[in-house]
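Two complexes are shown next, each including subunit A; its partner changes from subunit B in the first to subunit C in the second.
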Partner chain A sequence: MTETAPDLDRLRGGAPPRNHDARTIAALTANPGCARRGVMDAAGVDKDAVARQLGFPAPYGQSQFAITRGNVFEQQVKADGCAELLTLLRDRLGLTVPEARYDDLEEVAGSESREMRHARTRRLLARALETGEGTLFDHPLLRLEIGGRAVYLEPDVIAFQLAGRFHVVEIKSFAVIDGQAEPEQVAAAARQSAVYVLALRRLVAELGHDPARVAHEVFLVCPENFTNRPTATPVDVRPQLAVVERQLARLTRVDEIVAALPADLTFAPGAALPESVRAVQARYAPECMASCEMAFFCRDEARACGATGALGRSVRDDLGGVDSIAMALALAEGTLEPAAELAETAAQLRTATRLRREALGGLH
Partner chain B sequence: MSSGPDELEARIGELRAAVRRAMAAGDRAAARRLRAGLREAERAWDEAVLGADEPSHGPSHGPSHGRVRPPARDQAHRALTLLGVPAAPKLVASVHAAFFPAEPAASLANLRRDEERSFRSAPHARPYYLCAALTADLLAPARGLLTISTWSLERRVVGRLSARADFLAAAINVAGHVRRDTPDVQRLLWRFAANIPDASGGAIGTVDPVALAGAARAELAVHRDADRRERAAAAARAAAGLGEAERLFGSRLRSLRAASGESHRPRPTDGEDR
Partner chain C sequence: MSVLSSLARLEAAATGRAQPVATVRHCHLAGAPLVMIPLKLAGEAAAPLAVMLGRDRAEPALLVVPQPRNRDLRFAFAADLAKIVLEHIEASRGAAEALAPGKDGEERFRYTDAPQILLPNPGGVGFLARLGRSTRFRSTEGPYAVEPGVPALGRWLTWFADRHDHPGSSLLLTVTEALRLHWATGQSSLEDGNLAALMGWIDPPDGLDGAAAAARAEDPVVCPPAGPATDPTFDNEVLAPAIASYDETGHEQRVRTALEGQLAPTWDLMWRAVDLLRALPEGASVAKRWERDRDGFTWFHRNFDEGVPQPRRDTAVRAARRLHDLERAQDAYEAQRAFDDPLIMAEHRLNGQAFGGVVAGGDPARLDESGKRPKLRPHLLIATADPVRLDTGTAVCNAARPGLKGKIVDIGPDGVTVELTGGMGNRLTPAPGSVPELGDRVVFTSLTGGSFGPARFPDRESTPWTHGGPPPEYVPADEDAQEEWS
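For the complex of A and B:
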């Protein structure tokens, strides 16, 4: 733990820290530049509660049906010592018949304490690396440093093959129809799995073995076509791995962000909450709606001050250094003299204004 | 039971009203009595209108006419005996539905917890208990598995290969018990055959029990020795180091609340690691 930790505890205001999960990881990779989300996630703040307190509740989460269907499918795949999963991996990975061991890491002798589960995970994975014993590990608990803080991550299954490589297996309930699944969902699953691969590689390195023994190929187990039969699809997550590693490296600057904040800042519930939240800068984009509970609040704030990010990432990128809509309009009208670096953007805006006037004819 | 359906229907209506009145008056004992009579009448109505029930499949008991449906523990006991290996409640329920279809299934939820409480309050009061399987390394209750207390310790501990070995053994036992070919039985057989290599002989869409048993035996031969060794070692440790209740229901880590951050280890069982 770095010295940031007590600061983060103060920011969180005494509530117990929330675990990272697939959604926070997705948000992390989707919007690494947002200081507000970065600090809140690093401190483990309950963003949902904060959003509600601020009066912008996020009508959030998956539907109950989706969650239930996901659980039922996962149970089915893992039933009888992961019998169905074993069949799939024998077919895809070429697991040999003797490789059929099953280890349950969901609890340790009735205790679900994360420290114990992680310790046992380390022990069993070490044994697999040294003696080659062990095939399927159910709900292992991995740990990763994110922004200076240890975060627990829980992949669905890790498969170990005697040829010596670990594969992360994620069980998802979206369907693969004719070999294709919805690209957005696959992309989200790939990003999530990439973080698990990263955590597993670091663990393997800590245990003194070659991190390349964790394959960059993960398996997504999904229902096939319109049935409930599972099918396993290998996904190469090298691109996502590179992105995640880069973003995590940049994230260690959470301490810098926190150091720049007022010393008594806290996100605890109270009258000062809105100012506290506004004190940390956000970087809103419409994509935030899909991954962060604070999205409504940040959108309201962005609209109120006319931030260009509210119009979407591509627009913001096109506008370069122009941060507010008011400024963009002024540049377009020609009422504002652009600085040197904004000259090109300003020229484009003026061209666009002229084209618009021409297109609208006499209308405006 | 020779009343015609009309009289039975009238009687059922009266009994229903009587039950409601008793419940409204708060007289639970009377309500229970009347409810039993109502059930009897309804069953008689079923017989009169729908005809006699189908003969039951599989070994042992027919449906229990005139008696209350057997409790969950008996159903689980029967199904587990057929399976012969530690099994998850869902599998137990499927086996029961396939081989004893005339009985409506009782819920197996909380069965292990209730059995443990019953044992601890009056040890050995019952001829058998439904209890836990023990994990080989920590001798803790294995998540999601049911066993019978009359089984040997070797059968009731599960090592790392046991999940697979028991799945194969269950396939063999289930295939051996098939007498009639109903959709429930086929579904159960398919659950095994889909996950055992070379197991589905016979026509497309059906499972031949003989082929299934043969394929399961072939793979089981690969795992059996290693599995037996691990289980025997664990059983020896359990016999030496655990008390009676813990041998049945597993030894748990008693960890204090996260706030204090401490946790006790179970009684040291030698040879636990490596």
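For the complex of A and C:
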């Protein structure tokens, strides 16, 4: 695995690897079949910059109103050593939290070096695992191996220790109204939390303890109804954990993809960039637009070559995996003789064409 | 999705123009619908920012909250909105027509018409539901009093949003969903969620094809989003300074102008979409479904004054009944659409649940004399190339005239033989014109027009203990009235 590292450095064109956070790692699970994304993420390529260079900037702006709201809510929950959070855990979830201690790991003696911060996280968590000391650990800096290389996780989460077990507490500013929240937002939060649980488990294992001491149950803290009052909801992230673990294991195999690429390939800015990007095959689906900075470039590419996948996964599935729009239409018209494995799809397409014509009659 | 609609997408992508996936209109369109385009403040659960609304495309009203974090301004907005929505409801209901009395002799009425609301997209429905939730429990008296229209608005919005979940209901329609019911574009369903892009494929401006028009529509500067979320760049560069200027000066004009600029293009698109939908001939069952909508409306309207706000969570009985109603409505809606529209029936033919072809033989005067009395049981041989996936013995009916019923007696290389069992009159010779003749084009299907019957549920008072027992009565609490809205 280590021998891929120079290859990956070259792919970045010498630029420093981009930091991953739980959001980007969770996004790795979105389109596992995409080699382009796999290689770029494993190498830590700044996809946002590449997409901008290619003329397809990712439109992921955030409204300042949303940012303000999120920050205000988080500050409120964390104020006075997480007083509100502790009240929630005690009253709402009925946990017997003894006298609480709050440790903020964001800065170590004025230094923000990641190595030092990670060392402090390790030290405090090791002590907590052995003696049960400490309750809330804010901004723990964790490490996770991505594509054969350890990356630091930009943390935005609290590790909560109770009776020798750790829980991940994630603060989100979307509202829970009458016990219900937007399903997509909960799903995204659960995926991110799963990444933290995984990273925390790896750390606990490194420290020589049972990784199961990190609970698969995380606590989402969100505003309740239309107020700023927080409410806590336990969420079981086992399914998301399984997916993230599988994806990360798969990512380490990007060396096979990298080995098959031209030896001088690089995503450094320059005239050759579009060609370099195209050299690694993408597997575009419309869902990419929600999570991948390269999506608009890949969509353009998929549309230009008439890929059925650009119309949606369900369309491609309906067409029995036929990748090209022109080919699917030729099969439907009967102007193209299908290969044996496409005979069934072709017959269905021809029937569909006949039925459409018949029903549309004069209209078509 | 189905192979048939996927094929339509392929054709759209290849021709650069949206393709029809229906031959008739499957939703009711009111003569004067209330078109509404709500916008909300980013990051908040239900903080209204603006709404452009009206029944007349030439005169949209614009309501704005110049400082969306100000609670008093929000309630003033809700009161203004209530006025327009309640006026629309009263103006749309028509007269109460008396119906035959019910089983236990009670009087029954139905309004001759009902109010319709049109929104751009399902996001707007979610926002109205939340706005309804945040206003329906408010009190009109006591220390946290609001205008009387506010809780009434909350209950009506909740009711409209509820009806939207009801398959086939047209009381609250979203234009993107309505358009997608009738056209397939050359882009993915995800991208169809953008009203401007969808309209670009269906009705591109001169000189552009669907793809180019949709690409143009994705630029938020040219085509601002149809809400309820606003464009983040607009928020940061235009809206935030405008709100700051309101805070400083107390003049809301800058906020109004900014939001009007965001809403006006969508207002135009909404009415163009209405034109496109109106141009389609109405499906045969649409009036019947609208009658169910009118029933629902009549009941809610007539019981409004004695009623209480809808609960936060449905009680056990209510939830079970609601689910059952939705399933029945879904079942009926799917069947009705197929009978109304040969292009929808084609989906069932492709799946093998229906088959069509030319009557190629049979015995139109056949009598079954095996029993005590002879019965009229004509046989029809239908030559079909469809992939039939029905067994012999399956009950089928004629798609064009569902009253003509029969069953499959043979599936052979020449076609399917159907034995007709009903819908031909009461004599031993078929009523004239009731049996298809040699050479006629027919479609038979195993779908049935009538949905399964309603189930019985216990009264609220007799909710079984397994489901928590009878739920407590609703008592308005101060806590509800003063709930923060921040």
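Definition applied: the second predicted complex is superposed on the first by the 342 of 364 C-alpha atoms of A that agree within 3 Å, B and C clash if a C-alpha of one lies under 4 Å from a C-alpha of the other, contacts with A are read in each partner's own complex, and residues count from 1 in each chain.
Note that contacts are C-beta pairs under 8 Å (C-beta built on N, C-alpha and C of every residue); 3 or more make two chains touch, one makes a residue touch a chain.
Only a predicted model underlies this, so the values are computations on that prediction, with no experimental measurement involved.
Under the clash rule set out above, the superposition-derived model of subunit A with subunit B and subunit C shows the two partners fitting side by side. Using the contact criterion defined above for the overlaid structures, shared-chain residue A:116 touches subunit B, although it does not reach subunit C. Look at A:58: by the touch rule set out above, it reaches neither subunit B nor subunit C. By the touch criterion defined above, A:66 lies against subunit C but remains apart from subunit B after alignment on the C-alpha atoms of chain A. Once the two complexes are overlaid on the shared chain, A:330 sits clear of subunit B and of subunit C alike. When the two structures are aligned on the shared chain, A:98 is found in touch with subunit B, with no touch to subunit C.
Shared-chain residue A:352: touches subunit C; no touch with subunit B. Within the superposed three-chain model, A:15 lies out of touch with both subunit B and subunit C [touch as defined at top]. Touched residues of subunit A, counted separately for subunit B and subunit C, are more numerous for C. Within the superposed three-chain model, A:273 lies out of touch with both subunit B and subunit C [touch as defined at top]. Taking the C-alpha centre of subunit A as the vertex, the lines to the centres of subunit B and subunit C open to an angle of 100 degrees, rounded to the nearest 10. Once both complexes are placed on a shared chain A, the shortest Cα to Cα gap between subunit B and subunit C comes to 11 Å. The intersection of subunit A residues touching subunit B with those touching subunit C, taken from the two complexes, is empty.
The part of subunit B that touches subunit A in the complex is made up of residues 88, 90-91, 135, 138, 140-143, 160-164, 166-167, 194-195, 197, 219, 222-223, 250-253, 255, 258, 263, 266, 273-274.
Taken in their complex, subunit A has these residues touching subunit C: 59, 61-70, 173-175, 177-179, 223, 225-229, 286-287, 289, 303, 306, 308, 310-312, 314-315, 318-319, 325-326, 328-329, 332, 348-349, 351-356, 358-360, 363-364. On subunit A, the positions that touch subunit B within their shared complex are 75, 79-84, 86-87, 90, 97-98, 100-104, 106-111, 113, 116, 123, 127, 133-134. Contacts from subunit C toward subunit A in the complex involve residues 1-4, 6-11, 13-14, 20, 23, 41-46, 130, 133-134, 186-191, 211, 220, 230-233, 235-236, 240, 312-313, 341-343, 345-346, 349-350, 356, 385-387, 483-486.
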